[in-house]
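For reference, the structure I am asking about is given below.
Note that the chains take the letters A, B, C, D, E and F in the order they are written out, and that residue 1 is the start of every chain.
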Amino acid sequence: MRLSPANNRMMRQSHEMEFFFGGTELNVAASLATMDCEVTHVSAVSDDFVGESALSAIRSYGIDATHIAKNKHPLGLYFLEVGSSVRASRIAYNRLNGSFANINPDMIDWEKILQGAEYFHWTGITPGISENAYLALKKGLQTANEKGIEITVDPAYRSNLWKYGKEGFEVLKELISYSTILIGGVNEINEIIGTEFASDKESFIAASKEFQKQMPSVKKIFDKVRIGTSASSQTTQGRGWIQGTYFESESIEILQVVDRIGTGDAFAAGLIYGLLNFDDEKALKFGNAACAIKHTVSGDINLCSASDILDVLNGDKGGRIKR
Amino acid sequence: MRLSPANNRMMRQSHEMEFFFGGTELNVAASLATMDCEVTHVSAVSDDFVGESALSAIRSYGIDATHIAKNKHPLGLYFLEVGSSVRASRIAYNRLNGSFANINPDMIDWEKILQGAEYFHWTGITPGISENAYLALKKGLQTANEKGIEITVDPAYRSNLWKYGKEGFEVLKELISYSTILIGGVNEINEIIGTEFASDKESFIAASKEFQKQMPSVKKIFDKVRIGTSASSQTTQGRGWIQGTYFESESIEILQVVDRIGTGDAFAAGLIYGLLNFDDEKALKFGNAACAIKHTVSGDINLCSASDILDVLNGDKGGRIKR
Amino acid sequence: MRLSPANNRMMRQSHEMEFFFGGTELNVAASLATMDCEVTHVSAVSDDFVGESALSAIRSYGIDATHIAKNKHPLGLYFLEVGSSVRASRIAYNRLNGSFANINPDMIDWEKILQGAEYFHWTGITPGISENAYLALKKGLQTANEKGIEITVDPAYRSNLWKYGKEGFEVLKELISYSTILIGGVNEINEIIGTEFASDKESFIAASKEFQKQMPSVKKIFDKVRIGTSASSQTTQGRGWIQGTYFESESIEILQVVDRIGTGDAFAAGLIYGLLNFDDEKALKFGNAACAIKHTVSGDINLCSASDILDVLNGDKGGRIKR
Amino acid sequence: MRLSPANNRMMRQSHEMEFFFGGTELNVAASLATMDCEVTHVSAVSDDFVGESALSAIRSYGIDATHIAKNKHPLGLYFLEVGSSVRASRIAYNRLNGSFANINPDMIDWEKILQGAEYFHWTGITPGISENAYLALKKGLQTANEKGIEITVDPAYRSNLWKYGKEGFEVLKELISYSTILIGGVNEINEIIGTEFASDKESFIAASKEFQKQMPSVKKIFDKVRIGTSASSQTTQGRGWIQGTYFESESIEILQVVDRIGTGDAFAAGLIYGLLNFDDEKALKFGNAACAIKHTVSGDINLCSASDILDVLNGDKGGRIKR
Amino acid sequence: MRLSPANNRMMRQSHEMEFFFGGTELNVAASLATMDCEVTHVSAVSDDFVGESALSAIRSYGIDATHIAKNKHPLGLYFLEVGSSVRASRIAYNRLNGSFANINPDMIDWEKILQGAEYFHWTGITPGISENAYLALKKGLQTANEKGIEITVDPAYRSNLWKYGKEGFEVLKELISYSTILIGGVNEINEIIGTEFASDKESFIAASKEFQKQMPSVKKIFDKVRIGTSASSQTTQGRGWIQGTYFESESIEILQVVDRIGTGDAFAAGLIYGLLNFDDEKALKFGNAACAIKHTVSGDINLCSASDILDVLNGDKGGRIKR
Amino acid sequence: MRLSPANNRMMRQSHEMEFFFGGTELNVAASLATMDCEVTHVSAVSDDFVGESALSAIRSYGIDATHIAKNKHPLGLYFLEVGSSVRASRIAYNRLNGSFANINPDMIDWEKILQGAEYFHWTGITPGISENAYLALKKGLQTANEKGIEITVDPAYRSNLWKYGKEGFEVLKELISYSTILIGGVNEINEIIGTEFASDKESFIAASKEFQKQMPSVKKIFDKVRIGTSASSQTTQGRGWIQGTYFESESIEILQVVDRIGTGDAFAAGLIYGLLNFDDEKALKFGNAACAIKHTVSGDINLCSASDILDVLNGDKGGRIKR
């Protein structure tokens, strides 16, 4: 759950906050559901009216919410103060003791959930939150692996997590060993395997090569490069590397960023949708277009349809009104 | 009536909507009234509190609203989801069975209404909505024509209208034959007389020539060219063609578009104001400046005074505060 | 869809409106889903972002929305100006040409929808809106009847409907002949079978007797009696009549009415829930408590859980905070 | 202009305020215009966008605003903190140096304004604000008197006015000597002629007698008696005294007061409307019903139609929805 | 920090929440500061923009905030869904792992803080939250006790606290042994010393007697009795018992409750203010009036001045506007 | 106090306004307090709930508000209509008869206030408002001067002030003769000493030289140069001149201006903070960075911390989220 003062105000100037339900994996799930994919979200919410509201929102996207548990811990949340131009946005978290951190790994029937699934998506936030979350995820990954499901991972390494006694990069390495597609680039690779590659295109290729050597289960690597010129102006580009072949999408510039949170998740969702519907290169382009259009949508979640994203992919960026 | 989710949200993320009363002819009327012209608006609203609210808004601009009828049909409306940057705005209409579509042509006393009028403005939306609206307009045009009133027309051809059994381009041709000033350019000319001119300056000149040949009542042609680089950034320029003479205004760039709806109507109103007060070329420039400043005003209607528009026309675009 | 000016303002004083998605049958469906019943809603929405928002809201309640069609007509809506104390609320409708009025009866697979259903609920609004809606409903009733499903009807006779050439009371009589439970009282009975009973308890009993004689398929009659002392203060009581036996619930007073719309639907939903879970008399009491608590909930829909309603039924009305 | 924190908040808890344009005479004018009377309002507003907004609002009621002057002084305003139950509302004024206080008496063409007028309404606020306002009003009263127009006066004596060197009661006596109808009761009479009558019915009769003796131009006296049990609950009743005859209206109770400001002006407007359309006794009842229904309307102005008020007068206070 | 959906909505119907900073002890502190007492608040907030906002709010009341620590834990908060009439309000807490629960007892310089203090106020919430909070409070009580400061206690026993391994009633007994004034009645006494007194007046007297026998440091007992007829209507009355003498205040009825949270704290603050300024009986009456008027103020905190409260105490409850 | 229609609306389109408490000197004070400086603000507010709200806001910044007087005049205020792109913002003032204009110079104990102060900041707005304000300021300047306190002045010459019979430039000259640091550039110098320097860098140097010759008490001159390309896009740069040495900061571009009001005050506060903590050149850079970041903050006051400003100074302008 995200809470932010309305109208770009700073929190101390405000008496009201907007809220949205989101979270990196939910963002991916909701975006895929909006594009008419069948999606199941596995999580835990608080057993009170806050959790009920979260379920209501999750159901509204058309996601199967029947595998979301309820427990007596408060719903995790964060406060976001939206920046603008030269002022950065700020986030204050309150999630390490929440309902998701206290998810019960034994309550999740992965066999049933993964019946017929084609893709399993996870991020590095989940194992960073708590040991319970780590164990729940690991069991899911093992089951998915056995079933031969494609497993996409967005490592999303965050140093302000990992408070329960495990080293982030070690856990990530263990869990990535079940995964088949990396959604990440030089930064993530450096953090996980301890390399020090630069951020240019050549380094991305070298890093991908090295990563695949060390993590041989990963067959494909896709990354979005964000060039932020200010809190309200961004450029995005996608890069891909598959078994030695490099390709990239065009750059897309977004002049008036409405909401930057969740743009990485929009990329992940767009990419997965693309992999399900197009070839690898078009999937990357679709992911990049999804990432770009998300910058114009309030909240954590990309609510644009596949057809809206294709319009951007096809260069229809001039603001014509759709009547 | 226009309804749109507040704060650039998508509709499904919202529980609240802003509303404005507008509509292409009303927008022109209200802008002219705001510039202290005497204006009468002829229309029909619903005989309920929604229609009463519309009348209240119309009166607030200083428009003579005494010739607006009331009937038992709901007020026509549309929903607008405001886009941003690479995400286009979207419109969903609900007007084909509304109070205006059911206007009673026999209830309008055009003789009285047009007493002393200098200009009569109409758009192609009106005859596209219903046969009743078409008949009401036609009667008005005939009366105005007899009285020698200048008649301005914005063809505004929309393919999602014209559902009542007549071909749009034929009706428009018939009604334009009463008119003296065309507010439109290559697109409109192509749609009406079935030509295929390109959008460059030379084509505009050629198209104007051809149009005047086919529609000899039209003595002057004025157009605004919009170059949209994104839903939130636009450039506008005015073009004019009068009896063989071409002229144009400077381009004006608007970096942060607040509201794009009604910018064409702001051009029309500015142009008419200009024709009443300046020479043709300055009228075009004034129309273009009006169009530009409308991009910064919420709602369908340009609420800027003539003096504000002159400031833009004179190059005062630096954002100095007027104390 | 309902649109109403925020903060009890009159529409002409307002620039913003709240909106909710509702409608008599949807209200019953959503309330039942909120009480954890499995519910399928059959309807049609517009094929645009407004309809998509409606679907999103419907899914959020946990309703099965897969049998809701989309078509090219605008979503039906109404405007509500909320009254207070001695000022009555006002409604202006815009629904007779909407997506639901244009529902295609042939597109509904009633066999599949009604598989395993226990209850089928309909109201007199549906056949009053259009012939298509009437035909769609009739087919559903016939199928449900064949399957031996309990059919509840809220006649909700409204004189401002029935514009398509059929007499309301005749259609209602025809459709009620498939139904087994009447949710309505003296007013409804008088309107349908043309009697003139008074509103007291004895008349209710006599009317019920007469109604059952004429409409023998109806085995049970349940009614709520509302005593409105002002737009912001109400008292509700339930009455039941089953095969000659009369019973009633206690009265519940609501001093500060938040929202009166949908209280009848809350009664219907509570009653159906009660019939599924309790005996007839407790079902009536539960329906009355549901009706009472709905007066405190914004929007058309009763979002209170069965447990909240049971608290009211058990007399817990003192406003203790639930921590 | 009135500014008040939204949602019943205290000002120090708030970052946003609602605003309404009002003022005792404008309230009467707007209410009469809403009831379809022809009304001209004479005043002065600031020559800036604030004054322009006020004019826009005034025109929206259908009032003739062409006799409202503009000057270089800021628009007068007040802050209102809305109370509730045992907490009283609070007002802070900022009007003694505003545009109306600086109205130029010589700019008002009373001859033209009063052409064909039937009623002239004034209150004691106007001459209390400044000498200019006093002089402007006096000239108007003299002109109206000469023309034989009925002159209604609401003395509205306020001790926090009268800062420009004149005694309130003396000025009021002078101006009332031109007036024919007093809208006021025991309190006002005591303040003006220095008596000490109590507030019961008999005292009202005695006071009216004495007042008429001293102010013989006044032929009719109408008063509303407010019994406030709390900031959110009120009872109103009308009393009348005409040439020795006493009559009264029924009492009306308003349980949930939405806005108490302007209820006296609603009474005055209702009374004048009544005097124009009914006999004296029904006029009083109509005024009282208008006063009652105003308690349910936000802002200073009674926006209810004559037909809404007649519903209350006829006892329709049960909150039935008007569909 | 309290977060609640605006406009009485349920959380799942809302996209926006109002927030207030409060908490039982802060509520008392802020109310006393509003009445111009010198107050120091001892607490801990999060070291981020949320905590900074809390400090900003606390300073705005005129409270000395220099003894409020910052730490790396999120600010405790709760969600409030405001009920109405027969629907109860609901609260969901998130505070057991927050910044206050992690307060460092060794960082508080009680000697310095209590220099010159006359009253020390604490509630049973504090020791129920965490062992750290308990230890910090205990140290403060010991210091205050040594200095001979009056110590008021509101036991506020809540069964959903006390999760850290201590029994609530034992800790409360220990800490009350330092205190001199009990703010509480039969319920609190029963919970603390394990008795089973009823709630009538005689039982209150008997309970007070017994309590004082067991807890001899307590010299005075003050209680407010709340009679809730619904979530939006309440009656309050104060009771006192001092060394064998019983006294009580009048009852005050509040018909339209705006906000019930913090009314007990308003009573405590009013009582302390009263004890500082009046005799015991008037102090009780002042506390009761403060409690009553708080029901009309949004948020947790009573922002009314001492003079506003005296108006209620003196019977001025009729809603007269204070101009 | 500043009042502005929400959401960039024009005032006549709006029913709600946001408000902020600000004013040039308060803005500087609040920004310094936000950067953890000890600040005392000397002013006067109205003795009503509006003034109380202002005090509450002032205290919330951590400013010592104990030397702010209360009087019976309304709080000064202004209306702001926020422009965008080519539409300029507009301001309408209402402050010449307010509480600050009526400040009582004899009530200010400058000796006590200035005890231990390092800097005294004033602007030309104060002496322009009223003779009382001028006298109060003059006494303060004399006291500060005697104590050897650094005195910074922002001349802020406004032609719409100075209505009480004194010439602005003469008063400013008199008061600047007590001051040691000028915050202003060519425009201000030209207005005060009647020169006609151009705005380029060389002219700034020449003007500074001339100014110092005429006003020898001023030892340092700092200016920010604003280049506005539109109401929503600005570039700022700082210039300094100290005893013959010129230096300048880099330019900072702000693409999406949130709020332009108070950016000069943010520069002044940043500069003073810089002078207290860094050398002159870094102070200028810090002031410029403070000015730049203020363009992204709603309201008159720069609420960014010193550390946020240092981030901008160090080039961290890419909109990275601070987690």
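By our rule, contacts are C-beta pairs under 8 Å (C-beta built on N, C-alpha and C of every residue); 3 or more make two chains touch, one makes a residue touch a chain.
What you are looking at is a predicted structure, and each value in this text was computed from that prediction instead of being measured.
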| item | value |
| --- | --- |
| Chain labels contacting chain B and also chain E | A, C, D, F |
| Farthest-lying chain, centroid of Cα atoms versus that of chain C | F |
| For chain C paired with chain F, centre-to-centre distance based on mean C-alpha positions, whole Å | 61 |
| Centroid distance [mean C-alpha coordinates] between chain D and chain B, Å | 42 |
| Intercentroid distance (Cα basis), chain E paired with chain C, Å | 44 |
| For chain E, residues that touch 2 or more chains besides their own | 6-7, 10, 12-15, 20, 56-57, 60, 90, 93, 255-257 |
| Footprint of chain E on chain A - complex, ascending | 3, 6, 10-12, 14-20, 46, 48-50, 52-53, 56-57, 74-75, 77, 79, 81, 90, 92-94, 96-98 |
| Sites on chain A touched by chain D in the complex | 13-15 |
| Chain B-touching residues of chain A, taken from the complex the two chains share | 6-7, 20, 60, 252, 254-258, 292-293, 295-299, 303-304, 308, 311-312, 316-323 |
| Chain A residues within the chain F interface of the complex | 7-10, 12-13, 83-91, 93, 158, 160, 228-234, 255-257, 260-261 |
| Chain C - residues contacting chain A, complex | 56-57, 59-62 |
